[in-house]
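Dropping the structures in below, format is structure tokens.
After this come two complexes, each holding chain A, first together with chain B and then together with chain C.
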Partner chain A sequence: MAKRPAKHVVELEHAAIPWLLAVAVATAAPHAQHLPLWISLLVACVLLWRSWLWQQNTHLPGRWPLALLVMTGVAGIGWQFHTLFGRDAGVALLVFFMAFKPMEMKTRRDAMVVVMLGFFLLLTHYFYSQSIPTGLWLLASTTLLAATLIRLHGGNQPVSTIFRYAGLLLAQAIPFMVIVFLLFPRISGPLWGLPQDAYSGLTGLSDKMSPGSLNNLIQSGAIAFRVQFSGDLPEKSQLYWRGPVLNDYDGQTWRVNASALPRPIQPPTIESQGKTYSYVMTLEPHNQRWLLALDLPVALPSDSAIAPTFETRAKDPLVSRARYAFTSTIDYVANRHENPDQLRRALHLPPEINPRSRELANTWRLKFESPEQISNAALLMFRQEAYFYTLRPPLLGQQVIDDFLFNTRRGFCEHFASAYVFLMRAAGVPARVVTGYQGGEINPVDGYLTVRQSDAHAWAEIWLADKGWIRVDPTAAVAPSRIELGIEAALPAGDPLPALVRIDTDWLRRLRNRWEAGNNAWNQWVLGYNPARQREVLSRLGLHEPDWLNMTAVLASLCGFALLIVTALTLYRRNTLTPAQRAWHRFCRKLNPLGIVRAEWEGPLAFSKRVARERPELARVAAEAAGHFADLHYGTGQPVQLHRLRECTRSLTDLLKLRTTSRRNPV
Partner chain B sequence: MAVIQRFKQWLFRLGYDEQLPIVLTQRRIFILPTRSGLLFSVVLCVMLIGAINYNLSLGHALVFLLAGLGLVAMVHTFRNLVALRLAPGRVEPVFAGEVAHFNVILENEHRQARRALELAFSDHDGVTLDIPPSTQATAAIPCPAPVRGYLDPGRITLSTRYPLGLFNAWSYPHPRLSGLVYPRPVETPLPPFSAASYLGQRHGDSGQEDFTGLRIRQLNDSPRHIAWKAVARDIENRPLLIKQFAGGAAEELWLDMALTPTEGGLETQLSVLAGWVIAAEQLHARYGLRLPGLELAPGQGDAHRTTCLEALALYG
Partner chain C sequence: MNAVLFNVNSLPSVKTGTRARIVNGTTFLPNRHYQPNHAITTIFQTTMPSTEMKSTIVDVIAAANKIILGKDEQIRLALACLLARGHLLIEDLPGVGKTTLAHTLARLLGLQFSRIQFTSDMLPADVIGISVFDRERSEFKFLPGALFSHVLLADEINRATPKTQSALLEAMEERQVTTEGETRPLPDPFFVIATQNPSSQIGTFPLPESQLDRFLLRIELGYPDRQAERTLLESGGRREQLPELAACFSPAQLIPLQKQAAAIHVSSALLDYVQTLIEATRHSPMFVHGLSPRAALALLAVARAWTFIDNRSMVLPEDVQAVLPSVACHRLRLANSANHARPEDIAKLIHAIPVT
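On to the complex of A and B.
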């Protein structure tokens, strides 16, 4: 290589420092939501201190005090998170460095480090949120970062000019982003083991149910999953989305029975008795394995399996939004020949708790012959006696079921389901609690059925020798509207519910529907763009089962094409003629039909003289036009002369017309 | 080595550009990522791995947007140089040891401004300038002038990192440039005036000896001839006055190389002569220059001074 100029150290301009502080604030500020308070405060103080130093134009602190401060801070972060690695500690460290780097920023190279750190910090926001607002904020921050680079390398310009240029650069970069986003070979799953804290804070059903646990979930308006049916969909009262089945009861809490059965079990048999429904569900991550298929699934996606208790499970916990295609039937006979161990589990109760309930169950057992009658007796009791559906039930005593059935008589689905299953088991009917979601709401904007955490529900299943497992929903007996209309209809008006669920005004609901449909499209196409989606898109584009070689070739050629277009647009020099030149050229072109063509080098006055020689009758107008143009282009022409020049063109046209007509009709 | 030399010859088209103005076509513009650009690509790779590992779809999008930004920045850095017209301008002579400034006229025909263009000779300090749309600008590129004679600064390195600093585009325009460098002047006492009189010399004109009167100061008058006493009498209203002298015109100063000390060698002799020329001009003396094989008749004024210094610069 030829010798390049030596790299002189470029001092950082004083006026460029606010840009870098803005970069630090824009990239670090959103992290304040989840960082420990002391880190946020420290970072804010350091940035304010730096701004003050800038404003006073004084010296930066010395190296040693700064190093001491940084070391203390790093130690503090290590103490806070018990590690310096992992996601949260790593983000805290990055934010911390982002605040301190401006403290020793003297050259342009230091400033570049701040900007690069800013780019990296932008990515870390996605650990916490990938919503549309986050995306927009980060787009704005990226513009700021690009503008800062322009400011650093282009010197002082008006702020608006810098931002317009940064916006232009980003706009030109967007085609590349789209192409690479669509075609870059997607690899699913982590490349290496993720830190422990990678997926903390995901909400959803849990594998146990104690009084009040579902209640918390119902308070949340967050979306649990969305469903797209390929045909029509079942009635709302039939939309039971099956989650974990709870078999174990210790007097307080229902749990999923984790221990294996002593005998190997056959796969469950589900016979569909009627129509089947096909649908694709997009599940929000909940860090568990269950998939919440519609009760009961008959066809499963490939990477899932059905448990003996009919809940579908994915191979790995759901840590990112995922799409699953199911076929389900709502009319079924399931496990008519149930494993005896399974039935024994469905009858087990801890001894000696809830004596009054046991007594009641015993009277039923003696009074009725069939399990169905026992079940009906329980439902009749819920329906006819004074039981109330409320999300704010009174606290229950030690004997939970007794207290609920005979004293408080107020509760919601988990109380009713729990009490019902207890009664059934006590009466010798195999029964279990099923948790999941019930209902959902069609978004008219995109036709997706939206199921929220507030649709969380608990119901029961009993086993009958001739019918297998059948669903019984005791809540429906107390509050039928909960099942038919949804939770907001079933509750008395004073009960707390998330504001979003309890929406009466029409326009607000429409607005929410729009917002959520937009979010859904975002989730489906941007966030949910995984290897499967990519294959789908590629085959729609005509690339069936492409291997990486083909994909790379397509990717490279499309990028090359986009680069070509951007280059052409950037380098293309538009017609830089002045209005006067354009008017003069138009005037000259009018003479072309007469065989008088102005040469490229011919000046206006010379040209007008030539016109006068060849067509004396046009001498006057040509001389006038040339005079105006010469004044405008070379001298100090007045704006009015441009109009005169244009008028000359018009009168020239008239003259030419007159000539042709007079030639045609000689007088 | 010969192969590399020939490759460089081909790639950078070493040698003078005879055709003016020099237009920077894409064949003459080279572009490579800067150190910051390399850092940027490393940061992007790490970000991409992070996005893949954590399955961040929006993270993929961000990385690809930034990569696109880098590509676009490359085009824009190139655009900042392409089709720029460059022509050499004038160069003021300097004394050896000073810095010569070579003026180069840059013409921007684009409708966009070109910003942060750096012009330098090899690895000397350069200048940075912006050219507004459809205008010309003059860059005075500094080049140290260590020795007397003609100074050939070599090819110009015209480079830019605008807009994002991720790429450095540069070109090596090589117009024929040459600046005159006078010998470094050394201050020594002037040689004695010779009394020789010349025929036809006009008398009475601006001599050195006898005071003849006052006149209004003109811009090129030396401040040492201002009649401060006369001015101080009425400083508010009186213009600056100059003491006029007459006589002594017949006395001339011959700056002869033979009069200079020889122990320092030729260059020192020339330096002493240069110092004498400057001093004589300051005294408004009439002086002539005598070098072996060259004699410049006595004269006075800037033109004469320039002729003398040129003769010294190019002597030998």
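On to the complex of A and C.
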């Protein structure tokens, strides 16, 4: 078998290695947030080791020790994630390779592998975060990658020059990026399905509530959703954002029991009594099916339905930020004629728990005639007796409600709501727990109402025969300021507050508002640029009824147009030629068939000398033409010389013709 | 630029009866003395005021070529440097004729010549001169140093301490010397040819960038080619012939020549070309810094002088290309090594820029 010729291997410059290590750090570092600690530490150690080797300028470790290390690492990753596929394991593997590739980096080809791996690794960051800081970090990393490529191929140059060049290259890509972003046909939903483990870390309301479960949520300053009202908005005390309704109680935990819903689902009847409010909600992903709506919605977004308990449910779990348009009313009569099945469920209690509370409820049942009076009695009790609102409630015993109502008397919304609903059910009034959010804060920068996880709330609903379901908020009875002003006003001084809620410095609050408004704009216009938004933009551009065909056509023509402008600019930069230059160039081109081609940098004198050297018979005419051109272009030539120069071209043509004919008919 | 030796008049004539007017349309100036002739250039418009002056320069070059064999280009560059009122730095190994070149030029131009061999213990006063007390007249009398001459050969300038170097270089720039509160002008023309030996850098003080910039041109002589060396070996060393050289003209004649050289026509197209070249050095990743405006002025001045020597009335891109390596090499530092640019780097640059 014939041996293949040895390929020319370009050695990697020693001075280029820091660039590649920087690439490895820049592209791998953000993954440290979610990778297991041992992988982050291992990667950091390997990179440090490589830097040390670079600094010492010593040999890289041999093939076998490296292979052993890599095998061990891969096995470790497999053991950690129980697989080598999927998002987390795959990313861990890529980061791991990114750390080990520099250990065997000897040629420029290896360096290119590192750069390409870097580009690939950049993309994986979007699996975890699509925020502005991530975008900026990735932009910086892309610049670094481009600069590294320039460094690898352009040799040693000052760092500032390299980065200026890389920046210029990326800047040139911006028009195309904008065009493709705006016009590339969008499909709804993510471009590819992410593995199941992608959404494990999302926070939000849960489908069950036990003492203390809401407490964790309230400690978080993260944004739950943002709302943009199309008109004015209701009073803050009316802003109840309805989430999952909890009907089933086992003595400890309230649960949604979706499976037990009666089928076929009977649509609820909501009669609006007053003003309706239209708004668009941008909901952060929480990996659940319910949507949050202002109590109670009358018009729903498409792809969602209202459950018999008035909660809005989407078709699929919400795994990415989405926008929903609702219309709600705050003055309503809901399900005046309730399904008996629902009422039965709203009265159910597990037997033989909380005997003291049952006893209290029984005395009320005997004492009062209407359910309204019973409810008022309960609220009066909360208001007048010594109940306290605190985020640090004492632990409760086995009989949760009894313990709370008669011993500890300290708690927050979930305690009050659950105790109230228990009392109502025990007294024979249909009642249920509703969880969601209450309140929100207008961001003065962009006018969006921002609702955070710390606004999470639980309240109650009771059913009255003539009024349907009405909302009762026992927390409002204990701590009215929680509803009117927000959680920070309701808590006693000295109670710990979630860090982000406790912002009382003015500039810090302004800064946060700015930052969140910026984030919101990013979410609305960059991340939330879905088919609907695209259609909106396109129709504003005058392209109605866009389908992928004419969208592609517009895309292609716009890209072509941008290219055309670039080309035109480049051509325009080349100096327009003078008549003398044109005549001289024509003269020179006549010589091309003889194999004498004027180089771009060659001046007239040098060229005519070269012609004389290669074709002595043309020396005279070439010298004359060059002389005229030089006089015209570089000297103070007379206009008649332009004429002479053109004559030179003609006589050159004649000379060349003569040459060919004499060759054909030798005399 | 290497001179291509051919004569238009000796070329086979074009055998066409039909287009004879091509030849009739041109004027050929007789080219009289100078052997490596540039016949082609003679067809260019010529506005030179006196043929006498031209012939003198041609004579100088011819005579110098008899002493320094096979170094036509370097002789022309040195002469161009002189005509452009600049100073010359010759960097080469010992024994290739640096001193002989300096000496020859001084003699041929009828200039007063002095030479300083620089050493590390030399003081500025050794170059500039000192004041000594005259007892009879009881006053200080200034004894001018070697600096006070037309052509000063500063041999191995990099052996002197920076203090002495800068005394010399300041005098070069100002063309005058101030000692003890008195300013004394240097003779006009004043021309410094400094040499340095690039290979033995031990115990030397390499000239810093700012001082290298004072030298209009830097040339290397290099070994002679085989033919030239043979002639040299056959006829013996050239130093002996020096005293026999007759001056071609006087210092007073040189100054008008310098003025004429500075008045050579430069078109805006050529200025475009020069600017493009200068900008290219600034943007090229090859170099740490680009050429300064002072270097651009130097380039234009030398290109004019080169054109003048070549007996043409306007500067062509070829002239700029011919002098660019000598003007630029010592002013540009390579980005990927600590060295100065080499002529090959400059050639690369030239080849990347289309003439305008």
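Keep in mind that, in the parts below, the second predicted complex is superposed on the first by the 546 of 667 C-alpha atoms of A that agree within 3 Å, B and C clash if a C-alpha of one lies under 4 Å from a C-alpha of the other, contacts with A are read in each partner's own complex, and residues count from 1 in each chain.
In this text, a residue touches a chain if its C-beta (ideal position, glycine included) is under 8 Å from a C-beta of that chain, and two chains touch if they have at least 3 such contacts.
From a predicted model like this one, the values you see are computed outputs, not experimental measurements.
J.: One more residue to check, A:E647. First (chain B), second (chain C), both or neither?
T.: A:E647 contacts chain C only, not chain B.
J.: Counting only touches as set out at the top, which of chain B and chain C does A:R613 meet: first, second, both, neither?
T.: second
J.: Answer with first, second, both or neither: which of chain B and chain C does A:W601 touch in the superposed model?
T.: second
J.: Going by the contact rule set out at the top, does A:R471 touch chain B (first), chain C (second), both, or neither?
T.: Neither partner.
J.: Is A:G154 contacted by the first partner chain B, the second partner chain C, both or neither?
T.: both
J.: On chain A, which partner's contacts cover more residues, chain B's or chain C's?
T.: It is B that touches the greater number of chain A residues.
J.: Regarding the shared-chain residue A:F184, is it in contact with chain B (first), chain C (second), both, or neither?
T.: A:F184: touches chain B, not chain C.
J.: Mind working out whether A:Y126 is in touch with chain B, chain C, both or neither, as first, second, both or neither?
T.: Touch partner of A:Y126: chain B, not chain C.
J.: Could you say whether A:L527 touches chain B, chain C, both of them, or neither, answering first, second, both or neither?
T.: first
J.: Quick check on my understanding: which residues of chain A belong to both its chain B contact set and its chain C contact set?
T.: 154-155, 157
J.: Quick check on the complex: what are the chain C residues that touch chain A?
T.: 1, 4, 6, 8, 11-14, 16, 18-19, 21-23, 25-26, 40-41, 43-45, 265, 267, 269-270, 272, 285, 288, 313-318, 321, 335-336, 350-356
J.: In the complex, go through chain A and note every residue touching chain C.
T.: 154-158, 161, 575, 578, 599-606, 608-609, 612-613, 616-617, 619-621, 623-624, 626-627, 630-631, 633-637, 644, 647-648, 650-651, 654-655, 658
J.: Quick check on the complex: what are the chain B residues that touch chain A?
T.: On the chain B side, the touching residues are 8, 11-12, 35-36, 39-40, 43-44, 46-47, 49-69, 71-73, 75-76, 79, 82-83, 109-111, 115-116, 118, 120, 122-123, 125-126, 128, 130, 134, 157, 159, 161-166, 170, 172.
J.: Which residues, counting only chain A, touch chain B once they are in their complex?
T.: Residues 2-8, 108-109, 112-113, 116, 119-120, 122-123, 126-127, 130, 134-135, 138, 142, 146, 149-150, 152-155, 157, 165, 169-170, 172-177, 180-181, 184, 186-192, 194, 198, 319-320, 526-530, 559, 563, 566-567, 570-571, 573-574, 576.
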